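Here is the structure we will look at.
A, B, C and D label the chains in the order they appear, each numbered from 1.
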Amino acid sequence: MIKAGIVGVSGYGGIELFHILSSHPDVKITAIKSKSYNGNKLSEIYPHLAGSKLECRDYSADELAENCDVVFTAVPHGEASFEYVEKIKKYDKKIIDLSADFRIHEKEVYEKWYKVKHPLPELLKEAVYGLPELHREKIKSAWLVANPGCYTTCSILASAPLLKEDFVDTDSIIIDAKSGTSGAGRKLKENLHFSEMDESFYAYNIAGTHRHTPEIEQELSLISGKDIVISFSPHLLPVVRGILATTYINVKKEIDEKNVLEIFKNFYNTHPFVRVLEDHLPNIKYVSGTNFMDIAVKYDARAKRIIIISALDNLIKGAGGQAVQNMNLMFGLPEDRGLRLKPVYP
Amino acid sequence: MIKAGIVGVSGYGGIELFHILSSHPDVKITAIKSKSYNGNKLSEIYPHLAGSKLECRDYSADELAENCDVVFTAVPHGEASFEYVEKIKKYDKKIIDLSADFRIHEKEVYEKWYKVKHPLPELLKEAVYGLPELHREKIKSAWLVANPGCYTTCSILASAPLLKEDFVDTDSIIIDAKSGTSGAGRKLKENLHFSEMDESFYAYNIAGTHRHTPEIEQELSLISGKDIVISFSPHLLPVVRGILATTYINVKKEIDEKNVLEIFKNFYNTHPFVRVLEDHLPNIKYVSGTNFMDIAVKYDARAKRIIIISALDNLIKGAGGQAVQNMNLMFGLPEDRGLRLKPVYP
Amino acid sequence: MIKAGIVGVSGYGGIELFHILSSHPDVKITAIKSKSYNGNKLSEIYPHLAGSKLECRDYSADELAENCDVVFTAVPHGEASFEYVEKIKKYDKKIIDLSADFRIHEKEVYEKWYKVKHPLPELLKEAVYGLPELHREKIKSAWLVANPGCYTTCSILASAPLLKEDFVDTDSIIIDAKSGTSGAGRKLKENLHFSEMDESFYAYNIAGTHRHTPEIEQELSLISGKDIVISFSPHLLPVVRGILATTYINVKKEIDEKNVLEIFKNFYNTHPFVRVLEDHLPNIKYVSGTNFMDIAVKYDARAKRIIIISALDNLIKGAGGQAVQNMNLMFGLPEDRGLRLKPVYP
Amino acid sequence: MIKAGIVGVSGYGGIELFHILSSHPDVKITAIKSKSYNGNKLSEIYPHLAGSKLECRDYSADELAENCDVVFTAVPHGEASFEYVEKIKKYDKKIIDLSADFRIHEKEVYEKWYKVKHPLPELLKEAVYGLPELHREKIKSAWLVANPGCYTTCSILASAPLLKEDFVDTDSIIIDAKSGTSGAGRKLKENLHFSEMDESFYAYNIAGTHRHTPEIEQELSLISGKDIVISFSPHLLPVVRGILATTYINVKKEIDEKNVLEIFKNFYNTHPFVRVLEDHLPNIKYVSGTNFMDIAVKYDARAKRIIIISALDNLIKGAGGQAVQNMNLMFGLPEDRGLRLKPVYP
C-alpha cells in the first residue's frame, strides 16, 4: 500500500483528491493536513462526510515526509509547496504539487505572472509537468510532479495533436474556455454568492491577463518548437463542475476534416482517459464525475479554421484525478488504477 | 461472480443501476435489455458512456433467466416484471423488481391505486419488501424482492423508529416531500422542460392522490400494528438528484428531544447506510452520489410535535443502490459491498 | 409626485424597492441612503444599473424627513428604523419599515425573539401591520407601517380565510415553507456560496426557532380570537426568487372541498393581488417578477386535513411590492398603481 | 393607441412580446393568434397569466389586417409570415416579422441556408433589417421590418463599430456565442429536458452550420464593404435567459485600447439601449429583463487581437424588445417608449 498525505484537504481540490484516494485499492491515506482546521474532524469541515473519524492536523514537513510515500499539496501557489518540497526530497519521497509553483520552467516567467519570488528555482528543472498524455515517460521516474491546472489540461490537450502539422498557423490560436464555479474554490466572494451567480454568465481576466496563459503557451511551444502566443479567455458558468474549451486554429491550406480526426485519434490512441468523439460534441455533463477528457474536432471550410471542443471535470481530470494518474505512473501501477470512476449522470 | 441482468437500462433508474453494478467487485453484467433500443450500443443512448462496447438487446424471459443469477427490472409498473417473474422462478433465479408491482401486499390496494389488474396475486405474499433497515432477514432468503420507491424509502425510514412508542399520535403523520427531477424519469414533459423547470418549485399530486401513499401506509401500519393514514405531499425541486422529506408527528405528552434521538440511534445502530445526525440537518447535497440516508430529529416543544428531516439520493438509496444492497443480502455478501460510493461534493 | 426615500438601498430588498419605485408613475425618488456605500454611485454597487447617475448618501434623519414624503427603511431589525421613526413623525411624514421592528405588537415578544431591547415600545401600538389583505383600512390612515416579512405574508394569507370557521382545528397548523436564496440577503455566507448551494436543498431553524414564527402567530391569533401556536419549518431552495408554503390544517368534521374553495374566493374577492387558483397548483415561477400571491386549497378526505399551497415573489409581494402597495393605500392612490409588473416567464 | 396583433403568442418569443406590449402606454393588443391553441384562454397556455381573460383565435390574414395597425409575427421561418405579409401590405398596415423570412437580402442565400423556397422574393428588397443601431432611419419609413435573431443582434453590434477601421483584419472574425435555453423555444427536446440540461454546457452547430451565420455576415459585409466570412460557434448555457458573445478580431498594427473604446462610445453615442462599459465586463444577469445590450472591448496586446464581450436578454433586445423598439420608430414614438423595463436582479 502506498502511504499518501494530503496537504490542504479543506479546499475543493483537496477534498476531491481525498474522495478518489479513499477508494484507490493500493493507497492508504496516512495524513490529512490543514492549517486552518488543525484538530477538526473532516466531517466538521465537510458534513457530507458525516461518520468519518479522520482528523486534520497541522503536520510539519518532517512528519509528512516520515509518514508518507507521496505527498499531494493542494494549496495556493507560493504557500505550502515550498515548505515541503525540500524535506520530501531529502527523505527520498515523492511529491505531487497541485499548485502552480513548479509548472513554469522559467523562473522569470513564474515571477512575472505570479508576483512572488521563487525560492527554489533550481528545482524548476527537476520538476516534471504532470500531463501524462504529453510526458508519461518522464513522470514515471519523477520525484516532483507539477500537476497542471484545470483550464490548462483542457486547453493544451485540445491543440497538442496539431502543433507539429505544417498546415497549422500557430500564431492564430484562440482558446475560449468556460468553467464551473468549483474551480474558483471555497473562499467566499460576492460574484460566487448564489443569488449573484445563479442564472449568470460572464468572462473575466481576458486579453492576456489570466495566470494559466504562460503554462499553456509553454507546453504548446515545446511541442511546436516555436514561441507560441495565444489568446485565452476564461468565463464562469453557473454550474459547479466542468470545463469546456472551444479552440480556434487557422489553417494555411485546404484540409480534410477526416484527416484531422485521424491525427487526433492517433495522438490519443494509447491514452486511456482521452476520448476522441466522432458522433457528438463534448458536454461537461458527459464527463462529470470521471477522469475523462472528451474531445471533438471540426473543420470550418468556409473560414479555413479548425475548431476543437474539449471538456473535462475540473476537479478530476483537471486536478485530483490527474494527480492520481500521475501517482499511478510514478509508482509503477496501471495508469487507470482507482480511476474508473462511476459517472455522475444524469 | 454474480451474473446480473438489467431490464430497462435506458431509463435513469436503469442506468444508475448499471453504473453501480459495473464497479461492483462480485458482479458481472451479462445482459442489458431495452425494448425500444434493441440493437443500440449503450453509448448511443447515453453519450457519457462513450467508449462502452455494450449493446442493448430485447432478450426473452428465457434468455434472461438462463444468462443471469439475478435480474433487475427497472421498468414502469405493469410492464415487464410480470413477464419475467414466473420464468425467473422456474429457473430458480432471483429477481429484484424496481417497479411497484410487488410492493403492495394486498391485490385490491394495488389495483385501486395503479388502475391495472394484477395477474400474479399469489406472488404478492412471496415477494419481500426490499427495505433492508426493516426486513433484512427476510430479504436474505427471498427470491423475489420488491425494491421500494424513492419517496417511500425516505418517508418510511423517517418515522419507523417512533411507531411503537406510545407517546406518538399515529393519526397525525404528515410527510412533506421534495424531489429532484430525475425521479420523474427521462420521458419528455412540458413541466420538465428546462426553461419551465429552472427557477421553479411546486407541489403536485397532493391530498391523497400520489401512488406512493399506500406503500408508505402499509409499512408504517405493519410496524405500529394500527391502520395508519398519512398525508403525503410531493413537490418538485429544480435539481436533478435528491429527495428530502420533512415529517411531522404529534406527541401525546411532553417528551425530551434527547430521548427521541436515542430511539433513532438505537434503531439504526446496525444499519450501515442510515446516518443519524446530531450536529446539522440533512441536505440533499450531503448524500448525493452515495447510498446514505441522512436523518435528524427535532422536538418542537411549543407545538408538541416531532419534526424529522430525512434525505437520500433518489437514484441510489432510493433506487439502484438499494437494489444492490438487497442483492448483497440475497447472495450472502456484506451489505455494503460495492456501495461505498465516492460522494459528489461540491 | 410623492417624494420617496430609501434607507438601505444596497440590500436585495432595497434595490428591488428601488426598481419598483423607479417606474411608479406617481413617485419621485429623492434620496437613497446607504451607510456602507456613502458617496458611491448606485451603478458601482449594482452593475446591472450601469448608466444610472444616482448616488448613495449617508443622509441624517432630518435630511430624510425634510426631503421625503415617505421613507422606506430596508435595513436589518434594530438598526435604522429606530433612528428615523421619531424624526419622521415629528416632521409629519410617513414611514414604511421593512424590518421586524414594528411588526410585533408586544414589546416582550419582540425582545424575546430578537434579543434586543425595543427603545420605542409606545410606538408599537401606533404601527399598523402592513398586510393590505387583512388591514387595508387601518393602513390608509397610518403614518407608520410595519411591512410584513416574506415568509409571513405567504404563511398568514394561506390560512387566514379559515380561522373563523368552526370546523377548523386551530391547534393543528403546520407551515412547511420553502424560500429562494435572495431572502437570505447579499451578505456572504458559506451555505450561500454557489458551489455549496447549487443542487442543494435543506431545512433550517425548524422546531420553533425561526423569528417569523411570532409574527405569523400574532396575526392568526388576531383573526381567530384564540392563542395560536404553529409549527413553522423554513427550507432553502436553489433558486434566487420565490417562496412557496404548504400549510396543513386538520378539520373537526367532514367537509366539502368546494365549500372551502368558496371561502377562499370570497375572502380574497376584492383583493387585486391574491389569485385563488382552481385549475392548477401554485408554482414560484408563475408569480416571479409580480406582486401576486397565488393560492390553492385541497381537502385530503382520507386524512381529514386541508392542504393549502401559497406562493409569491419574496422580493415583491414578500417585500418591496407590498411596501409600495401600502404606500398606495397611505397616499390614497389605487392599490395597484405601479404594481402591474411585467411577469418574468419563462 | 396603436392596435397591435401578435401571431404565435404561444411561443416564448410571442409571450414576451405580449408582456412588453401589455404595459406599453401607446398600444392596445387587439388580436392574439395561435393555430394550435385556437379558442384557448392565454391563462390555459401560460398559468403565470392566471386571471387574464384574453383568448387565442386562429385569425385569418384579413381579420388581422383589418383589426391591427401593426402585426408581429413570432412563428418559425417559412410558416406564417408569407401568409400575412401581402394582405398587410394591401391594407396598408405594418408588419414586424420575428422570423428569418425577410432578414436575408439574397433569395439564393435564404434558400440555401433555410432549405425552403422563398415565395415572395420581390419583397426582400422592401424589407428593412430591424436593427435600429444600424438602420434607424430606414426603419422609420418601413412597412415591413425583419426583426433580427437573438444571436445576430448580439454578434453584429459587437464588431460593427470596428469594420470601417483600416487596422482591422476582417478575415479574422470569430464569434463564440453562449445562449440560455429559452432561445431554443418551448418545444420539447431531449437535450432540453431538465435532468439532461441542468449542470450541462455544450457547443452545437459549429463550423459554419448555424443559420444565423449568413445574417451576421450580410450585415458586417454591408458595413465594411467587403465579403466577410466569420466563424460562429453557438453554445447552450444552463440558464433560461441571456446571450453572451465573445468576439475576436485580429489587428494589422499596434493599437491603443483607449482609442478602440472611443470608437465604440462614439458609435453608440445616440443609441439608448447599448451600454458601452468601462469598469466591468458584461454579464447576462446584468441585462436580464431589460432591452439593454452591454458591451466591453479589450485589446490583447500580446496576441494583437481585439476581444469584444457583448450581452443581452435574448427574449427582449434579442426578440420582443427590439421588435417594440422598431415599432416605436415606425410609428414616430420615442425609441424607448415602453422599454424602460424593470431589471430582474438578483
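In this section, contacts are C-beta pairs under 8 Å (C-beta built on N, C-alpha and C of every residue); 3 or more make two chains touch, one makes a residue touch a chain.
Predicted model only: the values in this text are computed from it and were never measured.
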Chain whose average C-alpha position is farthest from chain C's own: A
Pair sharing more residue contacts (C-beta pairs) when C-D is set against A-D: A-D
Interchain centroid distance [CA atoms averaged], chain C/chain D, Å: 37
Whole-Å gap between the CA centroids of chain B and chain D: 47
CA centroid of chain A to CA centroid of chain D, Å: 39
Residues of chain B touching at least two other chains: 12, 182, 186, 195-196, 198-199, 238-241, 283, 285, 288, 346
Residue numbers on chain A that touch chain B, as the complex places them: 12, 15, 19-20, 22-23, 44, 46-51, 182, 186, 198-199, 240-241, 275, 277, 279-280, 283, 285-290, 294, 340-346
Chain C-facing residues of chain A, complex: 12, 181-182, 184, 186, 188-190, 192-199, 238-240
For the chain C and chain B complex, residues of the former touching the latter: 172, 174, 176, 178, 195-196, 199-204, 206-208, 229-231, 233, 235, 237-242, 244, 246, 248, 281-285, 288, 298-303, 305, 307, 309, 311, 346
